[in-house]
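In what comes next, subunit A is part of two complexes: it sits with subunit B in the first one and with subunit C in the second one.
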Partner chain A sequence: MYHGKFTAPHPDGSSHALDPFLQREIKLAKNIQSTLLNGEVPTFNGGEVSGSSLPARLIGGDYYDFYPLVNGKMRIVIGDVMGKGIPAAMLMILTRGAFRSASESTKGPGDTLRAMNQALFKDLRALGSFVTLFCADWDPKHYMLTYANAGHNMPLHISGSTGNIQTLSKVKGALVGGIPNLVYTEEQMHLDKGDMVFFYTDGIVEAQNTEQEQFKLERLIQILQENKDKSAEELQESVLSSIHTFTEGLPQKDDITMVTLKITSDNSDITSLNSPVI
Partner chain B sequence: MLSYTTLEEDKLLRVDFKGDLDIEATELFQQELLKKMEEFQSVNLNLKEVPFVDSSGMGLLIELVRTLNEQEISVKISNVTEEVFEVFELLQLPEILGKDVFV
Partner chain C sequence: MSLMINKKVDDQTMTLYLKGIVDITTTAQLNPYLEEITDQLKALIFDFTEVEFMDSTGIGSILNAIYLAQEMEFKVIFKGVNELVDQVFDTVGIYQILETVQREEI
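Here is the complex of A and B:
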């Protein structure tokens, strides 16, 4: 939480209040990003999705989005723009635009990443920046998750029947802005009733405590195991709270973002869409 | 915090890094190191004592190699730890920079 005046650290360690004009600009930028990130979440019978993002600074470079498709599938994306703060946030908005327009015209997650890389490559190359992205299509009719990866952390699958937690089968792909005209391969996985998929950015596993120890994947898995029976939103709150406890109030080093897909019953047709029908 | 020492051998500059490579290294890479490296024909980045590289560090590394290559300066990245190389492979760094960059 941010209270009082926005301040900027100086090299000498002191901090100076920003001028009111700049404060207002930053507040507006934060509102724009927060509104775009926290759009209406699609609801569907037989399951739920939830997403949350906590920037390390006033605004951040992490990104997640849901895009319901006309064929009844739902496209999920999570990503991390290199860097932090305002520069990363500007590129995050660019990434969001590329995702939404690619989703209109592409068949699957691999094709979406290919189109996004194609659209963003020149700009990212010119700016010396990169974006990691993980894109997945959830097919509620056939209970299939199809996914492709552009250099992002592999999400975790939490089995509802056994409680086992494993990373999804690896699928390789260079980060967006890395290789021009790259084709991204896809993998598929069948999900059962009670299963969950947890997508996240590296700000979670790389959160550090006062001993400079990282939160690491092992701790994340433990928290997910302890809270797997909660709703998608409550599960994410538990993850956030355990990171806060672990870091003992140290300033957050990187943006923290997560998306949870939870299958709760046998009927999971998507019933509410948050975007125009193509 | 990342620190480094350098060793100059004729037209080769070896840079031995120590510490985590993350966004904190931005100024070090883009202002201090790049200028120094541009004076040499080849550069060896020794990551033996770099236990962790995050996505921002990865971006800095890619941008540094690309910028030097554009000036026809040859770059090698050596002694990458197994854990860090796993992340490099996930991001397909060998494909982006060329497999011969890693020694």
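Here is the complex of A and C:
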């Protein structure tokens, strides 16, 4: 089963002094981003995926998406546009379009990142911006996760049998928008029943408390360890709750986004999908 | 939290010593230093020894310096890359971009 959620924590923000028309337009922009992030979610037998994003401001530059493929695989992407707020959000929408378009015409996550870099490079370079992206294909028939990386932090694998948590085997690739004609290599990993993969953006590990101490990867791993038996959505709620407790109500500095893939049974066919060309 | 930038110019080399936080609130401080670069410059050295944190906007500023170097044909050199900065640069692929851009110049 899929869960998609996008919430804005600071609806009043700092917009009190803004022109009413500008306030209205920002609210509309927030609604557009929220709607696009919470598109139709496919059915997923034998496992579940959940995604959530919490912008630091009214709207943000983090991005996640699921794109089921007609070959039975599901393409997952998580990304982080440089900067924050409205400028980052505009480029996030551009990134979403590039991902969906590339997913229709590319055969794997590495090829998808290559196509996205080609499509976005000139615009991002002209704007002095970039996007980090991690893209993965989940193959429910063979229990294989194939992935490629464009400058993003590596996701975590939580073993259902041992409870061990470690980063996926590293695969390198430069951020999208840096140099043209990049080729992104792919890695593969076999997942077992009960395994989870946790994709995230750096807003989680870089969240700061009142003593300017960061949440860090060690705390994230501890929270995942303590909540590994929960559903994908509940796990993410636990992560968010721990960050809120840790930061003691301080304003969020960066967008926080996570995607969780959890394998719950031996039958994980994807049954309700978008219809890409290949 | 702040960013302090000290500049040292030696012959045709400019060294920028960065100290503190290179993020969305501070990184604009780098712009005046980049704007004063002329085509006489042969190398721009960033010294990251005392950088405590760098966010995506900070990375963007370093990238823009690399692109400026490509355009104006000077070298960008990283020095004092501490563990934190190294991890960030390695993850996002800054080293790969710098190497590619400077190889193309040759």
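Going forward, the second predicted complex is superposed on the first by the 257 of 278 C-alpha atoms of A that agree within 3 Å, B and C clash if a C-alpha of one lies under 4 Å from a C-alpha of the other, contacts with A are read in each partner's own complex, and residues count from 1 in each chain.
One rule holds in what follows: contacts are C-beta pairs under 8 Å (C-beta built on N, C-alpha and C of every residue); 3 or more make two chains touch, one makes a residue touch a chain.
Just so it is clear, the structure is predicted and the values come from calculations on it, not from any experiment.
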Item to check | Superposition on subunit A - do subunit B and subunit C clash or fit | outcome: clash
Item to check | Contacts of A:82 with subunit B and subunit C, given as first, second, both or neither | outcome: both
Checklist entry - For A:242, is the partner it touches subunit B (first), subunit C (second), both, or none of the two (neither)? => result neither
Next on the checklist: So in the superposed three-chain picture, is A:129 touching just subunit B, just subunit C, both, or none of them (first/second/both/neither)?
Outcome noted: both
Checklist entry - After lining up the shared chain so the two structures overlap, which partner does A:179 touch, if you call subunit B first and subunit C second: first, second, both or neither? => result both
Checklist entry - What is the contact status of A:52 with respect to subunit B (first) and subunit C (second): first, second, both, or neither? => result neither
Checklist entry - Counting only touches as set out at the top, which of subunit B and subunit C does A:257 meet: first, second, both, neither? => result neither
Checklist entry - Where on subunit A do subunit B and subunit C both make contact? => result 80, 82-84, 128-130, 132, 151, 172-175, 178-179, 202, 206, 254
Checklist outcome for this item: subunit A partner, complex, touching residues on subunit C are 1, 24, 53, 55-57, 59-60, 63-64, 67, 90-94, 96-97, 100-101
Next on the checklist: Quick check on the complex: what are the subunit A residues that touch subunit C?
Outcome noted: 80-84, 125, 128-130, 132, 150-153, 172-175, 178-179, 202, 206, 212, 254
Next on the checklist: Quick check: in the complex, which residue numbers of subunit B touch subunit A?
Outcome noted: 22-23, 26, 52, 54-56, 58-59, 62-63, 89-92, 95-96
Item to check | For the subunit A and subunit B complex, residues of the former touching the latter | outcome: 80, 82-84, 128-130, 132, 151, 154, 170, 172-175, 178-179, 202, 206, 214, 253-254
